[in-house]
Amino acid sequence: MMDEEKIVKDIVSGQIKLYEVEKHVDNDNDKATELRRRAIEKLTGQDLKQIGHHNIDLKQALKANIENCIGVAQIPMGITGPLKVNGNFAKGEYYIPLATTEGALVASVSRGISVINACGGAFAHVLKSGTTRGPVCRVDSLDKAKEVMDWVAKNKKKIKEIAEKTDPFIKFSDIESYLVGKNLFLRITYDTGDAMGMNMVTVASDSVMSFLEDKFKLKHIALSGNMCIDKKPSALNMIKGRGKSVIAEVTIPRELVEKKLKCTPEAFADVCYRKNWVGSGLAGAYGFNSHFGNIVGAMFLATGQDEAHITEGSHGFTTAEVNDDGDLYVAITAPSLMVGTIGGGTMLGTQKEALSMMGCWGPGKTPGANAKTFAEILGSVLLAGELSLLGALAARHLTQAHVRLNR
Amino acid sequence: MMDEEKIVKDIVSGQIKLYEVEKHVDNDNDKATELRRRAIEKLTGQDLKQIGHHNIDLKQALKANIENCIGVAQIPMGITGPLKVNGNFAKGEYYIPLATTEGALVASVSRGISVINACGGAFAHVLKSGTTRGPVCRVDSLDKAKEVMDWVAKNKKKIKEIAEKTDPFIKFSDIESYLVGKNLFLRITYDTGDAMGMNMVTVASDSVMSFLEDKFKLKHIALSGNMCIDKKPSALNMIKGRGKSVIAEVTIPRELVEKKLKCTPEAFADVCYRKNWVGSGLAGAYGFNSHFGNIVGAMFLATGQDEAHITEGSHGFTTAEVNDDGDLYVAITAPSLMVGTIGGGTMLGTQKEALSMMGCWGPGKTPGANAKTFAEILGSVLLAGELSLLGALAARHLTQAHVRLNR
Amino acid sequence: MMDEEKIVKDIVSGQIKLYEVEKHVDNDNDKATELRRRAIEKLTGQDLKQIGHHNIDLKQALKANIENCIGVAQIPMGITGPLKVNGNFAKGEYYIPLATTEGALVASVSRGISVINACGGAFAHVLKSGTTRGPVCRVDSLDKAKEVMDWVAKNKKKIKEIAEKTDPFIKFSDIESYLVGKNLFLRITYDTGDAMGMNMVTVASDSVMSFLEDKFKLKHIALSGNMCIDKKPSALNMIKGRGKSVIAEVTIPRELVEKKLKCTPEAFADVCYRKNWVGSGLAGAYGFNSHFGNIVGAMFLATGQDEAHITEGSHGFTTAEVNDDGDLYVAITAPSLMVGTIGGGTMLGTQKEALSMMGCWGPGKTPGANAKTFAEILGSVLLAGELSLLGALAARHLTQAHVRLNR
Amino acid sequence: MMDEEKIVKDIVSGQIKLYEVEKHVDNDNDKATELRRRAIEKLTGQDLKQIGHHNIDLKQALKANIENCIGVAQIPMGITGPLKVNGNFAKGEYYIPLATTEGALVASVSRGISVINACGGAFAHVLKSGTTRGPVCRVDSLDKAKEVMDWVAKNKKKIKEIAEKTDPFIKFSDIESYLVGKNLFLRITYDTGDAMGMNMVTVASDSVMSFLEDKFKLKHIALSGNMCIDKKPSALNMIKGRGKSVIAEVTIPRELVEKKLKCTPEAFADVCYRKNWVGSGLAGAYGFNSHFGNIVGAMFLATGQDEAHITEGSHGFTTAEVNDDGDLYVAITAPSLMVGTIGGGTMLGTQKEALSMMGCWGPGKTPGANAKTFAEILGSVLLAGELSLLGALAARHLTQAHVRLNR
C-alpha cells in the first residue's frame, strides 16, 4: 500500500518520530506497530519477523504497558506441577507456569515439587502485606522537622483520609518518618488489594505530600526518595518487608530425602548452612538463599509482574534443619514479593492466561485474596526451587545436570 | 488425530508425565508442546491460546532454554533511539529494544536518549569484565587451610591450566580464597568472551575443585558457595564487580537541561543527591540509583539475558553534579551487568533479532567484543533512564506522567 | 607481710586462682588487687607499677564492673569547650571531657566547637529513645508461629505487664516479631530512663520469654538472638535506631566558614558528599560520616559508657549543604547511641566526675532527662568533630595537622 | 602559689585559652594539666580529684596522644589466663589484660580460656595484614579516569617508590582504583610493621596523591575518601580485611563441652547458628558473632589501641559445628583488627605495661612480629569470649550470670 510505504519511509527519514506513528494510521495500534517494525528493519538491516509474530492486544498494551511497540519478546514458557499448597488462601493443587530462558530451571523446580507433593504439600502463609512509597522533602530546620514529625505521628487518621480519597481500592496502613539533616523521608504503607499497586500508592502519596508541603511549607524533593525502596537491593525491605512477605515450609521424611534428593538430611542442612548462611554472610548479601531470583524471575515473567521487582524478590532466607526424629525441615522466608493479579502486565494475554491457570487472575473474592493466593503459591515454588538446587548441590549433581540439559 | 487425543488424555490422567510427552511424539517438540498445552487447558479449564501463539524454534529452546514447554510469554517490545554511544566498543547510533510491561518506561528512556543525543552522545566504558564462581569446601583444620591457601596463591598457573582445559573459550583470570572456620571459599574469575558464561565457569570450577579436593583431601560442599555471588543482592558484587562493570557519562549544557528536562542543573543534582545517596544510604541499599532495575530488566528481556541477573544489574551508582561552568554532569556506574551475546536466551528468535538490531549478536570479531559493545550500550541506556526519571522528579512530573500513560 | 608473700606465691603456683584472692584477704578488694598484681608481675616478669596507680573505689568496681582486678588503664583525658547546645534537654554551655590516645582529636573537636559557638550553638534533639533485646526461640511449625505472632501483636498490654514487673524503672514500648523458618525472633523495645539499660532489658525479656515459652511450648534458644542487635554493625540499628537517636545541626555563615575552616561552603559540602556519601556508599558502609567513631569513643571512655557500644555509635549520617543565601548547613544524625548516666561504668570515680562536669550524672529530674541531656551534648560534639575534620580535608590540612600534633 | 592562682583565674575568665596553659608554665605539662583541671573545677563546680590522680608521663602524652589534658579516665583492668596459644607468632601461655567497665566480662572470658586450655590451646593465624588509605580525587572525564587507572595498574613499582620514600618502616603492598562518576577512589594497602600505622599511611598516601594529582592534573578532594574505610562499619572491610585478619580455632571433646560449658555440642552449634547467622543475617549485620565488640573493646583499652577501631574489630564470624566424632569445633574469623604494639596509645604507661605483660610491646624481632603475636593472642581471646557466651546462652545462664555479677 502506497500510504504505508510512505509512512515507513518517513519514519526512516525521521520525518515521523517513533511515537508519532499511531496518529498517521488513525490510532490503529496494530498497523502502527507493524510500520514501526518495518521502519526499524530498514534502519537496522535486520529482519524482525519473530518479534512481529504475536497476538497481543496492542490497544490494551499501548495504553498501559508499552510505547513505540514493534512486537514482542517471546519467552519460552514451561509448565510444572501440580504443586500442592496448604496456605491460608492457596489451598489445593496448582500447575505452575514458568517463563525463562535458563535451561534446567523448570526441570529443577519439578523435582522440588515432586518432593513437596510426596510430603503432602507445602505450608505457606503471607506474614505481611503492604506497598510502600517513600517521598522526601526538605525542611528548613530541625525545629520545623520536629513539628512535622510530631504532627504526622499524631494525625494518621487525617493522612489516611487524604490518601484514600485518591482511589477507592487503596487502604492506608501506616506512615513513618526518618530525618537525615534537612531531608525528611516518609515511608507510607498501603494495602492495595489485588494490585501490585505502585501507581496507586504514587498518586496517594502525592496527595499526602501536597497536603503536608502546603501545611508546613516544605520543599518538595521527590515522590520517591528511595526509602520506598523500589527495585533496588536493600536491608530495609529485607528487614521490614515490602509487597507480600511470605513463608513456606515442608518437612521431608528421611527416606524421602534419600530417595528423591539422593542425599541425607544432614548433608542437605550442611550445604544450606555453609552456602546460604556462611557464604552469603561473607559476601555481604541480602539473599541468604540459593536461587530465589530464578524462581521469582520465571514466575514474574509468566504472570506479568514487573520484571524489575525480581530484585526485591531475590532477597530472603532459606533454612534447613534436621528434626529430632531425623527428618528434614526446610523453609523459605521471602520478605519482599511485589506481586499483583490485576493491572499492569497481568492484563496482557499470555500473562492473564498464566494467572488464570492458577485460578488467581483479577480481583479476588475479598480484596487481596487473589494476590495472596498467588503469593502463597509463589512462596511454595520458591521452596521447591531451593529443595531441588540444594539437594543437587548436596548430591554434587550441579555440573552434570547443567551440562546435560543446557548444552 | 486419534493418537493426539490419547496422549492428551494420558497427560491429564497422569499416565504420561509432563516431561515425557516428547518421547510419545517422536521428539517432535512442536507437537509435544501443543499436546502438553492442550492437556493443561483441560486440567485447569483455562484456554491458553495466546501462550500457544508463537514461532519460536522449539527444538532449539527445548535443548537449551526450557523444559515442559507449553508456549511463550509474550512481552511487549518497544523501540527507542537511535542512541549515540561513544564507547570503546560501541561506536555509533543504536536503536534500543525494550521488552517490558511497565507503561511509561519506553517513553521515559526516549526522553533521556534525546537529551544524550543533543549532547553528542554518551561516553561509555567497560571498566572490568569477569564471570565468577565461588565454590566452598570443608577443611579439617586451620593448618590444612593455610596449606591450601598458600598453594593456591602460588600456583595460579597450574589452576589456569586445569580450568582452561575444560573449554576453548574460557580464560582464567584470578582466584582468591576466604576462610571462615572450616569453610574455605574460593572465588574464581574468568573471562568468558561473548558468553555470559555461568555454565562454562561452573564446569571449569568443578574441574579446579576436583583437583584441589583430591590433592588436599578436602571435603566438597558446593560448587556455588554463594561467594560467586550469583543472583542475590550483595556488597561483594557492588564493590568488586561481576560480569561487566560499566560506566557511562554525559555533560549537558545548562540551557539543554532547562529546555529538555524542565529543571535546572542544580535541582537535578539536588534530587539525585537526596534520593539516590541519602535515601538509599538510609535504606541500607546497594543501589544508589533511581531505577537501574527497570532499564536492565527491559533490555535483558528483549535480548535474552538471564532475568534473574536483573538483581545484580540493579546494583550501582548514579552521580550528578553541576560543573564549574554551570552545566550538568551525570554518570552511572553499573558494577555488575551479567550479559552475553551468545548462548542461553540469546539463541532464541526474538532475542537474537533484538541483539542483531544493535549489531551485537553472536561472537565478536575479537572474543568479547560483542558483549562489551552490548554492555556499553546498556550502560548508556541506564544513563538515559536516570536522566529522564531524575529530571521528571526534579520537575515534579512523576505522578502526572504515570497517570497519563499508565491508566 | 608474711601472709601476703604466701598468697602471692600461691597465686603464682596456681594454688590460689586469680578470682579466689579476695577470700584469702577477708574480701579486702584493694589488698586482693594488689596481691594479684604482684603475682602477675612475678609471673610475667613485668613491672606493673602504673597499672597499680589509681584511686578507684575497688569495692564498687569489683561488684559491678570488673573481675580479677589488678589496677586500671589510665586513658588521658582532655577537656574542651564550653560548647553551646540548644537542645530540648541540654540547654547551655558544656565543658566536654574526651578520653583518648589519639593525638589531634581534642584539638580537632575544639576547632569544631569554636565554629559552632560562633554560630550561637548547635541545635540538638533526641528523635527516639529505646533499648532493645531480641530473643529467639524455636517454633515447631508455621501454624504455631502464626498463633504466637498473632497473640503477641494483640496482647502487648499483657507483655508490658510482665516486663515491667521485673524492674520499677523499665517501661515497655513495643514488641515486633520476625519469622525465619522455625526461628521466631522478637525485638522488644523498652524505655530504661537514665540507664543504658542492657541488664534491665535482659531481665525483663527473660521474663517475657519464659511466659511465652511456657504458654506456647516454645523451645528457648537464646535471650539474645542478634535481632537486638547489640555491639555489632547492622542495617537494623542504622535504620530503626537503638538507644538514643539524635540529630544535631548548625548553620554557618559563609564568612565564618572561610575564616575558621579555611574553605568555602561549596568545598565543604563537596568533600562531605564525595567522601561520606559516595565513598561510604561504595564501601557498603553503615557509616555515612567522617569520624563519629572517634568522638563517640572519646566521650564513651570519659563517661563510663560501654566501650563495645562504640560500634553502634559509629553508624550514622553527616550531611552538608549550601543554603540559598550561601551559608553552610551541616547536620549529623546518629541513630544508635547507647548511653546512660547511671549504672555500669558511670558509677566509677573519674567517669562520674566527667558526667558531673556536664551536670548530667545520675538519675534525671524526670526519668531519662539526664541521659537525653547527655545524648544531645554528644550529638553536638559529633557535629563539632565532623565540622573540623571535613573542614580540614576541604582545606587539605589533614596530613600536616597529624604530623605536627602526633609525632 | 600566686602565679598559679592567677593562671587558673585567667583560664576561668577566658583570658587564657585551654590550649594555651602550657606556655604560661614553661611547658611544664604536669603543672599545666593541674591548672587546667583546677580551672575546670571552678568553671563546672565539680571536684575532679580522681581524674587528677594518675602517674601518666604527660610530656609523652601531650606530644602524641592528647591535648588540653586534665588527667585521666581510670578504666578498671582485670587479668585472666594464662591462655595457651598455638600461633605462628604467639606460641605459649599469655596472661590477658582486659580493661572494661562491663561486669561479668572478665569472668566470662576466663571461663572460655579454661575450656581452650583444657583442649591444649587455641590455634591462631594471621591470614592477612595491611593498613589502608582510600583517597579520592576528582577527574574531569571518563577518558582521563581511564588514563589514570591504566597508569596506576601498570606503574605500581613507581608508586611503591614514592610511598616508601616517606617512611623507612612502611612497605607498599597494593593499590586498587574504583570509579564512580567523576570520583576516582584509590585504595592503597601498606605493611606498617608493628605499628597500627594510620599516620604513616596517611603521609605516604599524601605523597602518592600529590604525585598523581600533579601528573594528571587531578583535583584533590580528600586524603580519606572513606574507601579506606576507617572506623565505620562496612562490607568492604568485612570482605577484604583491614589491619590484621585473624582466624582462631579449637576443637573441644564432647565430655569437656558438657562438663565445662554445661551443654551439648549440638546445643552449642544450634545457638551459634540461629543467633550468629540467622539473627545477624536478618538484621543486615556485618557481625556474625556474639560479642567480638566486648573482647576487642577490653583488650584495646588495656593495650592502647585506638578505641574507635573497636568498630572494625566487631566485624566478623563465629562458626561452630559438631565433628563426625561428636566433638565441638569452634572458630572465629576477625577480618579487621587494627592493632599495633608501638606508637599511639601503646607508648603510655599502663598500656605499655599491659602489652609487655604479653611480651609483645614495641618493635618485633622481625618487623611486624609483635603486632602479629598480639593479633593472634587477641584472636584467641575472641574465641574464648565466644565460647563462654554461646555456652552460657546454650545453658540458658545469661540472665542469672549478669544478675549475680553485675548488680
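Here are a few things to note about the model shown:
A, B, C and D are the chain letters, set down in written order, and residue numbers restart from 1 in every chain.
One rule holds for everything that comes next: contacts are C-beta pairs under 8 Å (C-beta built on N, C-alpha and C of every residue); 3 or more make two chains touch, one makes a residue touch a chain.
This one's a predicted model, so the numbers in the text were calculated from it and none came from an experiment.
Both subunit C and subunit D are touched by A, B. More inter-chain C-beta contacts link the pair A-C than the other of A-C and B-C. Taking each chain's centre as the mean of its C-alpha atoms, subunit A lies 40 Å from subunit C. Subunit B and subunit C, compared by their mean Cα positions, are separated by 43 Å. Counting only residues that touch two or more partner chains, subunit B has 178, 180-181, 183, 235-236, 239, 278, 280-284, 286, 317, 319. Residues of subunit B touching subunit C in their complex: 235, 238-239, 273, 277-278, 280-284, 286, 288, 317, 319. The residues of subunit D lying in touch with subunit B in their complex are 123-125, 127, 141-143, 145-146, 149, 178-183, 235-236, 239-240, 247, 249, 284, 317-321, 329-331, 333.
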